[in-house]
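Labels run A, B, C and D following the written order; every chain starts at residue 1.
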Amino acid sequence: MTDMQVRPAEIMIAAIAPMLQDLSHVAVGAQSPIPGSAALLARHRSGGRLRVSILGSQKHNPFTDGGRELFDCAGQGRIDAFFLSGGQIDGGANVNLVGVGDIANYPRADQRFPGSFGSSYLYFVIPRVILFREEHTPRTLVKTVDFISAPGTSSPDVYRPGGPYALVTSLCVFTFDKKRARFTLKSLHPGVSKADVRAATGFDYDESADVPQTELFSREDLTVLRTTIASEVAETYPGFAARLWNV
Amino acid sequence: MTDMQVRPAEIMIAAIAPMLQDLSHVAVGAQSPIPGSAALLARHRSGGRLRVSILGSQKHNPFTDGGRELFDCAGQGRIDAFFLSGGQIDGGANVNLVGVGDIANYPRADQRFPGSFGSSYLYFVIPRVILFREEHTPRTLVKTVDFISAPGTSSPDVYRPGGPYALVTSLCVFTFDKKRARFTLKSLHPGVSKADVRAATGFDYDESADVPQTELFSREDLTVLRTTIASEVAETYPGFAARLWNV
Amino acid sequence: MTAQSSIMTTTAQLAARIPNGAKIAVPPDYSGCAMTVVAHLMRRPVRDLHVVAVPQAGFQVDQLIGAGCVARVEAAAVTLGEFGLAPRFTAALKAGTIEILDATCPALQAGLQASEKGIPFMPLRGIIGSDLLRVRPDWKVINNPIAEDGQHDPIVVLPAIRPDIALFHAAKADRAGNVWIGVRRELMLMAHASKQAFVTVDEIVDDNLLHDPALAAGTIPALYIHAIALAPNGAAPVGLAGHYAPDRKALKAYADAAKTDEGFTKWQRHMLAIALEPA
Amino acid sequence: MTAQSSIMTTTAQLAARIPNGAKIAVPPDYSGCAMTVVAHLMRRPVRDLHVVAVPQAGFQVDQLIGAGCVARVEAAAVTLGEFGLAPRFTAALKAGTIEILDATCPALQAGLQASEKGIPFMPLRGIIGSDLLRVRPDWKVINNPIAEDGQHDPIVVLPAIRPDIALFHAAKADRAGNVWIGVRRELMLMAHASKQAFVTVDEIVDDNLLHDPALAAGTIPALYIHAIALAPNGAAPVGLAGHYAPDRKALKAYADAAKTDEGFTKWQRHMLAIALEPA
């Protein structure tokens, strides 16, 4: 592999990996290849100190107490970071994994998504939940979600050690301020302007005058990603690894 | 072994075994050698159809989900019979496994027993709980227990599919009427009179004019008990089997 | 005949013992699906199943929905994973021919654990503020009863889920009726929580699984098992983690075909002809 | 150095990491007691332990009580089994030097399961009408929140039990810090429910336990383990079910000696001299 041009999915991996630095335990869902790749890269960078648990992996899944263990483990406070995507994500970091359309007609949504998975729980108990969505359009990043699978914030009397930390898309990185329940544009991927993001985003958010570019991989990191990490990723996300890295 | 004289513990075994006939699953505690022997005998008589689970046994303990499984299994309604003893048992079938003495001074009882074990739960959920106590004296079978580890009956609004079925002692067998919350003298062990039982019992109970003798073992049953069953019992209750059968 | 040996049966007879309207618990695609039983259920077809996905459903349930076997799905998600949305599920929801009880993974697990423990409900953190609470009126919010006096601490309570039948596939069983599942403990939870457990296995071994200390740790005791049928490779094409991989070609073929009613019908006719060859 | 290797330690160092006042969860005598650690704790002696018996206690805890290490015992029972009442426990209760939180087995397990699930409480059937409710004001009775409107259905709710340290002995661990417990799942529950888990093992193996599908099913992942010390035969004299039997002679000697303060003191001096020979 001689092409050192960074691909869009790799930019998202580069954006996520640093967010996992200095954590102890990161868990990744079965259908989250980009975060999974970022977590395995962060693990590599930590010299193996970072524990990465990937659901559906044979090699990176340490759980021995059934499907409930991930959730129990999160409830015990033993998981520092997790990743959620959404059919819709809104400006309050509310996530919709159920469907789009007239709420009154539930469950007959115009478009039905798979369902809420563990989001309605994990979003509450894992301190650093990183939202990710490749498609950055007004269709996916909306003003208000049609169905709340998991709310971005809760009133102070609700037990909630966890919640949203950032949102990573194919265009940019947002961070989330829980107190203000609002996103801030943190960095722009190469070739993307502030205006591009504003036009592609259905919700309002804050931005400073000077938004930096998302930090990319060093040549060395990229090589590691495309060799060592790629083959690890292939075990759990074979379709993804084949499409992206041809492994 | 040529002595075919039935020993006191064997009479209790003979009294208990028929109560387990036609059941599917009997569980036995780790410190219940007499009921354990009765259950293994009943299993033998059923041709292996009766399932017997003995806590602390390697061979007769089918559980693979930890200490809680017995209790969960009982809560699911999968255990038909169980055995409880008590430092005190009273006329309302209340069981005391905690201690004797002035209640106001708890926990400084005059005599402290080990504790309630699982009684406070199992007595509620297992349909046929058989009480057993070798020592039949006014000290053990009392008018009112000093501490209720597990109550004999409950008000109708309390969820309670289970409860006391009978009480077997070294003198006799009582059955229990849940509606009337009262014992009835059911049978007398060989050589014991109704007056003997009345004198040895601290609580009031019913008796008919004609109380039969406790049905004893056939010669064949006794041989099976002292050979096949004795060696099975020895695995879990070595001290008991050694004392009773010298195995 | 002992109680133990009477549970040994065939996949056809096992499927026949699942009545219309049964509430069945099934594992996700990676955890051991009794696909040969699913084929029998589709041919019959069984009707009005209430499927409890533990905690999510995939190919197995999408196929049952397509064949008209399902009245209601209780799941945290229904998806073909990297093969896309579950097409028959999506179509049936649009047509209004099935009911969906949307859930979240740990809520399904907690409901089953409540049943396993014989308690009527289980509390769970999270969920508050989610629209799941709106569409699941059976889920209640109470104040934490052990919170300090006067403290407002809302918490969700979920009713116990008690399926009629847990249906799954495992690597092996022994002749006493014990079933080895290894680390797939969700299958043990399903068996404990359900009234009955019906299992197909790749292999039936002679030695009692409970007599081997290593195997015993991953074994569901016969106590919870009501039917076992030998079905070598019985989790194909979705596969059995650690034993055989998903047949990705077959899964893709299904995902493509099931996009339309006609495509599904054709796929079903073809699949049943292969899967249910006279034994 | 990886996080995994740093948990390997000695029994002395492991014991030293249990502070005065710690809330420690320990298994019953048949399920793997870290007796070498107990010896170190007695020699020190550690003070004011809150011992959570899962769910009952025996020789291990009676000895700790005799040595003055314990402030409070939370247990469904304390007994030497067929060797009779627990003499130091009984004497300490009489003297008023320890506090007892009387419980019932499934209440302790439910409290630990609540902690395992990160929920503040767990409901449990039974118990109502028992004097345990009187002596355990932390146990509450509520009306079942999912009962039909107006139905009176009282049920007990138990607060989560979250020990600081789960302390136990197991057959083996690997170098990655995974611990094999086989069917002794109460040890896994203890590890999940506690903030930390300290373990002694008979053997440390080279191969990763999680890589063997049979062993993995009975393994607590390193994720939950904070200290491992090699202690061959480390559960003696109470024994380790399936591995080595209780030393009945030693147990009887203890039961006899501990009947008096003087007898216990003499036994303790003798035992510590043997158990803690310079390594």
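In this section, a contact is a pair of C-beta atoms (placed from the backbone, for glycine too) under 8 Å apart; a residue touches a chain by one contact, two chains touch by 3 or more.
Bear in mind that the values here come from a model prediction, so they are computed numbers and not experimental data.
Novice: Which chain lies the greatest distance away from chain B when centres are computed from Cα atoms alone?
Specialist: Taking each chain's C-alpha mean as its centre, the farthest from chain B is A.
Novice: So how far apart, in whole Å, are chain A and chain C when each is placed at the average of its C-alpha atoms?
Specialist: Here chain A and chain C have centroids separated by 28 Å.
Novice: If you average the CA atoms of chain A and of chain D, how far apart do the two points sit, in angstrom?
Specialist: One centre to the other, that is 40 Å.
Novice: Once you find the CA centre of chain A and the CA centre of chain B, what distance in Å lies between them?
Specialist: Each chain's C-alpha centroid was found; their separation is 59 Å.
Novice: Taking each chain's centre as its mean C-alpha position, how far apart are chain C and chain D in Å?
Specialist: Averaging C-alpha atoms per chain gives centres 36 Å apart.
Novice: Two or more other chains touching the same residue: where does that happen in chain C?
Specialist: Expected reply: 110, 113, 117-119, 124-125, 153, 155, 183, 188, 216-218, 242.
Novice: Counting only residues that touch at least 2 other chains, which ones in chain A make the list?
Specialist: 63-65, 71-72, 75, 125
Novice: Report the topology of the inter-chain touch graph, choosing from line, ring, star, complete and other.
Specialist: Here the contact pattern is something else, fitting no line, ring, star or complete shape.
Novice: How do the chains pair up in terms of touching? List each pair.
Specialist: Contacting pairs: A-C, A-D, B-C, B-D, C-D.
Novice: Sort out for me which residues of chain D touch chain A in the complex.
Specialist: Answer in residue numbers: 2-3, 115-119, 178, 188, 192, 210, 216-224.
Novice: Quick one: which bits of chain D touch chain C in the complex? Just the residue numbers, please.
Specialist: 110, 113, 117-125, 138, 140, 142, 144-147, 153, 155, 157, 159, 181-183, 213-218, 242
Novice: Using the touch rule from the top, collect the residues of chain B that touch chain D in their complex.
Specialist: 30-31, 56, 58, 63-69, 71-72, 75, 97-98, 103, 106-109, 112-125, 147-151, 154, 157-159, 237-240
Novice: Can you list the chain A residues touching chain D in their complex?
Specialist: 24-25, 47-49, 51, 53, 62-65, 71-78, 125
Novice: If we count contacts the way the header does, which residues on chain D are in touch with chain B in the complex?
Specialist: Its residues touching chain B are 28, 30-31, 54-56, 75-79, 81-82, 85-86, 89-90, 93-94, 96, 99-100, 102-107, 109-110, 113, 124-132, 135, 152-155, 183-189, 241-242, 248.
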